[in-house]
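Read from first to last, the chains carry the letters A, B, C, D and E; within each, the first residue is number 1.
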Amino acid sequence: MSELQDTARRLLDEGLVQVVIGWEEGPRGARPVFVTSAADCERLIFDARCVHNLATFLNPRRSQITALGKAAVVVKGCDAKAVAGLLREAQLERAGIVLIGVRCGGVAGEPATLAPPALSAETVSARCWGCDVREPESVDMLVGEAQPEPPVTADLDERVAALDALSPAERFAFWTKELSRCTQCYACRQACPLCCCERCIVEKTEPQWIETSPHPRGNFAWHLTRAQHLAGRCVGCGECERACPVGIPLGLINRKLQQVVYELYGYTVSEDPAVPAPIGAYATDDTQDFIE
Amino acid sequence: MSVVNQPQRSGERAPDDSGRATAEFEPRITAFVCNWCTYTGADLAGTSRLHMASNVRIIRLPCTGRIDHVFIVKAFERGADGVIVSGCHPADCHYTAGNYHARRRFGVFRELLSFLGVDPERLTFSWVSASEGGKWADVVNETIERVRRLGPFDSYHGLAGAATPADDPFARFEMPAGATGGTAAAPADGHDAASQAPSGTGDAS
Amino acid sequence: MTLAYYPGCSMHGTSREYEESLLAVAAALELGLTEIADWSCCGASSAHAADHLLGVALPARNLALAEAQGADEVLAPCAACYNRLSGAVHAVAEEPGMAAKVPEVLGRAFANSVRVLSIVELLQGLAPVIEERVAARLEPNPLEHLNIAAYWGCLLVRPAAITGFDDAERPTGMDDVISACSANPVSWNMAVECCGGAFSVSRTSSVLRLSRAIIEDARHCGADAILAACPLCHANLDFRQSAMSLRGEPPMPVLYITQLVGLALGLPMAALGFERHFVDTQPLFARLAREAEKAAAAAAERDAAKAARAAAKAGAS
Amino acid sequence: MSERALLLTHDGLATLVEELAAAGTPAVAPAWAGDAGRAAGASAAARETEYRTVSGAAELAFGERLPRLSLKQFFLPPTEVLFSWRRVGGGVELIPPPTDFAAQVVLGARPCDAAALPIVDKVMNWDYADELWNARRAATTVFSLACGVEDDSCFCSAVFLEPAAARGSDGRLTPVDGGYLVETFSDKGEAFVAAHRESFTDLPAGAGGEVLAVQAESFRATARERVAGNLAVDHGRLRDWLDHHFDDPFWAGLGPRCNGCGVCASVCPTCHCFDIVDEPESVGRGVRRRNWDTCQTCVFTLHASGHNPRQDQNARFRQRVEHKFLVYPLKFGDVLCTGCGRCSRACPTGQDLAEILADIDARAAIDAGAGAVGDEGAADEAAS
Amino acid sequence: MSRIGVFICHCGENIARTVDCGAVAEALREHPGVVVAEDYKYMCSDPGQQLIKKAIADNDLTGVVVCACSPHMHEKTFRRAAAQAGLNPFVVEMANIREHCSWIHDDRGEATAKAIDTARTIVEKVKHNKPLQTIRIPVTKRALVIGGGIAGIQAALDIADGGHEVVLVEKEASIGGHMSQLSETFPTLDCSQCILTPRMVEAYQHPRIKLYTWSEVEKVDGYIGNFSVTIRRKARSVDEDLCNGCGDCQAACPSRRIDSEFDAGLSRRPAIYTPFPQAVPNMPVLDREHCTLFKGRRKGLAKDACGKCKETCLKGAIDYDGQDTFVTEEIGAIVVATGFQLYDIGREQPAGLKGYGEYGYGEVPDVIDGLQFERLASASGPTGGEMLRPSDGAEPKTVVFVKCVGSRDPEKGMSYCSKICCMYTAKHTMLYKHKVHDGRAVVFYMDIRAAGKGYDEFSRRAIEEDGAEYIRGRVSRIFRDGDKVKVWGYDTLSHRQVVVDADMVVLATAVRPQPGIGELAQKLSVSYDQDGFLNEAHPKLRPVETNTAGVYLAGACQAPRDIPESVAMAGATAAKVLGLFSADELERDPSVALVDERTCIGCFNCEHVCPYGAIEHRDVCDMEGHVCGHVAYVNPGVCQGCGTCVAVCPSKSVELAGFTDDQVYAEINALAGW
């Protein structure tokens, strides 16, 4: 911990950054914190409760954050991939941020606790399933001790496969039920590090492609679009699902699309911003089995 | 299509869905096609007098690259039972690569729709060149037959309450009365459930 | 990675020295070859000519057995066996319906998951290891004076779609092995020409003509010996050589690639089966040994002279 | 209201629920969100509950976790039709929605959720009587369930309520051995009990009954005690501080963490803003609806010109606090908060309203020159 | 409010036979926003058009829908008519009720219902049509020609003769290209240099042609009519203004063992050299890679190792310290004429190619390629035109010519036919037989492709009059056998193996695009095929245009081409360029994309998918004028209107005029409940 705090302190002391975005101890567990003075660096923590994807706070349109000055941000693997996404899409300049990598061995499924839980198959977050980043590579500095692989947990792929095995009508019933709870509050969007549009398509009128009314028709249109816009971009950080106040299993949709872009185009989301996203690129011999 | 002999339908026509779940079911297909290949291929089908089913309504766009997935979603919302997306064969795109980009996007979107329970059989993607009038007729006829077998897509049309709001303007989705279980009664992709309970209207009031 | 070994009929018969040297080399390199239990003939040159499905199913049976015993790769040292086995892998993967049909006629599961390795691929892959071992040897290495022509024949490299060497017309793998053994590959013209193959008995005169052209070109291009990786090629070049009326030239030894590697690794001659050859290899090895001694002596002399000079210099200063 | 308390046994509750279902009277109650929740030892996520129309006692999740969303949805649905329209000839015909809602009952509302109803009533009847809201309010009878306090994020006692507050309830259930002690506070509540009298039992006469009454009081007292330590503020000085610190740098410390998602408003029992949208169904016909909205999103105050008076999340979060604890109180003499703590629990980034109120109160105390926090006078004043 | 007029055409009986046109008009009259709906027998006829024009004037229409045939047939007609009536032509749309309705349906009821739906859909669209103005772009009337071979020279001359300035860029020290290396040309056997050299000189002296040799295109910005091209002028080390081409420096140069590019490696040249005697400009260039002085400098020698040429030059034209310089030219149109290279089939091959090691090329000196043979046969060549083989200078008595080396061979080489080899091999046999009367010319061929004026006669002549021996079959192996070159082949007509003991072998190796074509294509945003040849806009109808407006293709950069074809293409590109330059402004279809800068976040998804490079980055500044972000900007001069950018824009901040989201939404909405 002191390594993280010392690093942050040095960055602030030397004037290399004006704010360090990390995690602190909050009333209900870890939460994001914006440290602007070296003295406050002792608040910084990192443990299995630090689930928040801090890349979300690098959205250049969050003027209340850009107003704080040049930022250093603490990133675990999924955060680093999201930062790469923002760089890939020209939302950030690499020189404009400092990335403090933390070694991460997985985060908790239920992080709102006063002490970090021991990670086990039962307590680890489903999002960590298949995560291949113990230490982010694209960072400016790396802190923390070497971490073991996260415990093997309920396989997200198994849950996707179980849905895949159903008939379309059964899947439709499943999703109608799940999506009927959606109030289109857009917490999923706001929690997503890559949903960073100035004006979301759902807020565009003339025409209003996506009905903002939270009946299942509007909800289907919204979630189809959210997922399609994240296809090949989603880093699998699981923040959308965690943010959802009514418990819609958005992780299943995101995981499915990760599988699809891999199966169709051999693409896995990369920590390297130079690797182009699969939608927006093409190969002349892309699969077209589905085309008559 | 009980309206076929009433061409005087008024602008605020009240669509008659009464026969839609019966054996006479005629699917409604919306086709999004590119201007240069498929639209011209459909022109050729006409010039060649290739007869085909009349249930397809074509929306002309410059290129499959222009076709957004929200078009398909909106078409289903507005009563389509099936959708055709058709453009130029690979390497034939008038704009070089629009069809390649469309192929990627729809390769993903088709899987996504399917995962959310929209039977991919309701969607046809095809390459029809300007010289393939015959192929266009086949695509139209085959799509209609396939969708006819699946039945009307009332499960989707009814997602906002009544399948026909004009007939039942107060049908609405309300969380308390309908509760989560109530709305889940509506889904069922065509087939039995849909014909028994064409919409979720009853649950709401 | 588990490596299964498919001997085929020749390795246990006409080319026993090939198998002996292979097993000796495999032991020295700790390859852990496991012979496929209950293997059967690959169909050789006849099955595929009679019936395509049979020509695929016979090799596939052996691959299925290898799969069942948990192998990832199968070594087929005989070029003909390699060709048939690779052909089956290709047919099952590419031909419509074959993937379903083959397990049906075999009456056993076949996932087509095994990779077929030729001896050249295997040894080429091990070239760095061989090179290291050769470099570690202390005694003078006679092979440094051996100019040898790598002879591929037809079946190892053709058809290119199923064998997949770098260049079917001018492959380089055997040259890499030769270099790893510290011998000198000869640039010649007949590396992938046919020796007459299976017509050895039925059309002996053709075989003599074709094989003679190969031996003559090798000699013409400065080879002391020919390196083979196929029992049939070896039989034609070695056994038929006496009948070739080679215009009074001394006979041309024909070595198996495994024998060369065995020599390079310093294995005893006796373990490598040279005595089974028709063309005597002893004169060649004797000459190479002499040259090696001579070279060693010359080198020693040079070193001594150098030392003396250095000493003189040191004394002078 | 009630002359004497009644008892609703667990069996009686089951009978009541079944009877209501059979009669077609929607009974809304806290229920398991998923099947897994009922299993013992289920994870916290699986033990989620929600208010919904129930048809059997097995669905009920009384005394379990706080339902995900508040009771608000049954009076102000997330989306609701205001009218349909169709073009007729040269004009447009408007077809209003019916307001003759069938009677429904809420069983086991959290007191903090029930208390929100009269608070929102004031907004819905201030300059315009909202027909849909009022009709649903009139058609609904609310029985609350005395609360044992969810966790440290609860602070009802700091907003003039308590874990068993009667406000907004037509009746109240309090857990006792074998079932619930039932009290009624209104004619509606009384009428409901009368209509379903056979499901309720009389309290045993004498000591048995007294024991249950003591149990109930003890339950309520324990809860009161438990929540009291979570937060106490002096609303007078808090309001004063808010009124004078619109541009205080304090707000810049709150905005950065906020995602601007408005989950806090979605789950809030008192947030009541809505957005009105027109949804065409075809050419010449469509539906006008109102949908939940929240001041936390950047488009909430976005003008057509592109100007946005609340430029950043600092301003938007300030709005949330000021509306609840300054603007509404000045207008309606109350606070727009029941202390349910849902916003703190649901916030994906750990924004904590109790913490913020305590912080402001401390600043206010310094400003006011008084060191004491949450002095009793203020609480008494509020309670009266 | 919209005031739409709907006009239903009977098309004689073509539509009216199946569609009740009166009923369509009646239904549409009731449709919201429609103020007039009329049917008429032939809407495209003059009275029909008059009817529409009158309706526009009488009813003050804001939009017109013509229900008739395909828009591909008559959209222009009706838009023009509307424009004549004072209506913006882009608020006119057609509903296709003929090809897509009356001609393909039998049932009158169904067809009529569909016609009504179709008309309504288009009416709804037209309600959202915006009046558009044809885009006008100013044109810089200067052309850039890249490549100074015969195609480039011809294009430059034609454009310059047409009255416009041309910048001609050649990467070598002289223009002339491959044609200057050829001895004679088929099918006339006239001397290549004799016909080319006057053209080279003409181009050099043309008052409107600006020639940059030893130069390459570095960067291309802009778009049709308005390119800005940066040209790298490689350091020549010889001052072009001072040099008088005397040649003293070349005589003085001590490095004389450098393979001559012009002679395809068959002769040697000094380090400072003029590529060939007729070079244009006749001015040497210093080959810094091989020059002793520069080798020394690269090694870090303190003192220059040589300096002979500078000492010798009386004009003081040699400059060892010159660096590459850059010039920027404003250009309106670009002709690419970068030509070809021959496939070097030797053992060393780049990734993806295999070469033909079995043919001994690069190892056996008497195995040469077609261009080397041209030099051997040329009077200006290393042997002065005498037929002498490279190894020992002996006259080859048997020469084997192998065609299709690397061509038509998907397995190992290129899958395409290199096109010119049949003819030049026939020519080679004739040139050989004319010089070595008792020699044998043996040709291995797959097919003889001699389509072209006088071509078949020419190749017949090689066989019948000059006695070339044509063997149909391929060659398996070529190797040295003593002083002979052994050729193993197969005669597929007589089914015989053929072995030829040749003295020399000439390989007709495949024609490939120039190295570096990929980088140039990227600079120009022009696509290329899997073999590296640049793609034409349409293989039949736009063969010299590319998908980048204002960039044209001439000669072998597009596919293997012979001289007459290259010249014809060059003329065609010149016609295109002159056509473009004939007006001061360029008119473009206004159906282009437009970015909403207020909501664009500059993710540049649009840029990634735009096939035309029409997306530019624009700075966004805050109130104080500091750059605080970037947004996309669609250059309307470059955009072709495919709309792919619209579909990939996540926030829908791009619109495509004529096919806006509003319009498409309205169409889909109109279909609800049919």
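Note that a contact is a pair of C-beta atoms (placed from the backbone, for glycine too) under 8 Å apart; a residue touches a chain by one contact, two chains touch by 3 or more.
As the structure is a computational prediction, the values presented were derived from the model and not from experiment.
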Shared touch partners for chain C + chain D come out as E
Chain centre (avg CA) closest to assembly CA average -> A
Pair exhibiting more inter-chain C-beta contacts, A-B or A-E: A-B
Which chain's C-alpha centroid is most distant from that of chain C? D
Measuring from the mean C-alpha position of chain C to the mean C-alpha position of chain E, what distance in angstrom results? 50
Could you tell me the distance, in whole angstrom, between the mean C-alpha positions of chain A and chain C? 55
Between chain E and chain D, distance of the C-alpha-averaged centres to the nearest whole Å: 71
Can you compute the centre-to-centre distance for chain A and chain D, using the mean CA position of each chain? Integer Å is fine. 31
Touching two or more other chains, which residues of chain A qualify? 181, 199, 201, 209, 211, 213, 215, 218, 279-281
Residues touching two or more other chains, restricted to chain B: which are they? 11-12, 15, 68, 74, 78, 97, 101, 105, 160, 166, 172-173, 175, 180-181
Residues of chain B defined as touching chain A within the complex: 68-70, 73-74, 77, 90-91, 97, 100-101, 103-120, 124-127, 139, 142, 155-156, 159-161, 172-173, 175, 180-181, 183-184, 186-191, 193
What residues on chain A touch chain B, complex-wise? 160, 163-164, 167-177, 180-181, 201, 209-211, 213, 215-218, 220-221, 223-225, 227-228, 231-232, 253, 256-257, 260-261, 264-265, 278-284, 286-288, 290-292
Which residues of chain E touch chain B once you look at their complex with the stated criterion? 20, 23-24, 26-27, 30-32, 34, 70-72, 96, 98-101, 103-107, 109-114, 116-118, 121, 527, 547, 591, 609, 611-612, 640-644, 646-648, 656, 658-659, 661, 664-665, 667-669, 671-674
List the residues on chain D that touch chain A in their complex, please. 33, 43-45, 48, 50, 68-69, 78-79, 152-153, 252, 255-257, 259-263, 265-267, 275, 277, 279, 289, 291-292, 294, 297, 299, 311-314, 344-346, 348-352, 354-355
Mind listing the chain A positions that touch chain E in their complex? 60-61, 89-91, 196-201, 204, 206-207, 209, 229, 276, 279-281
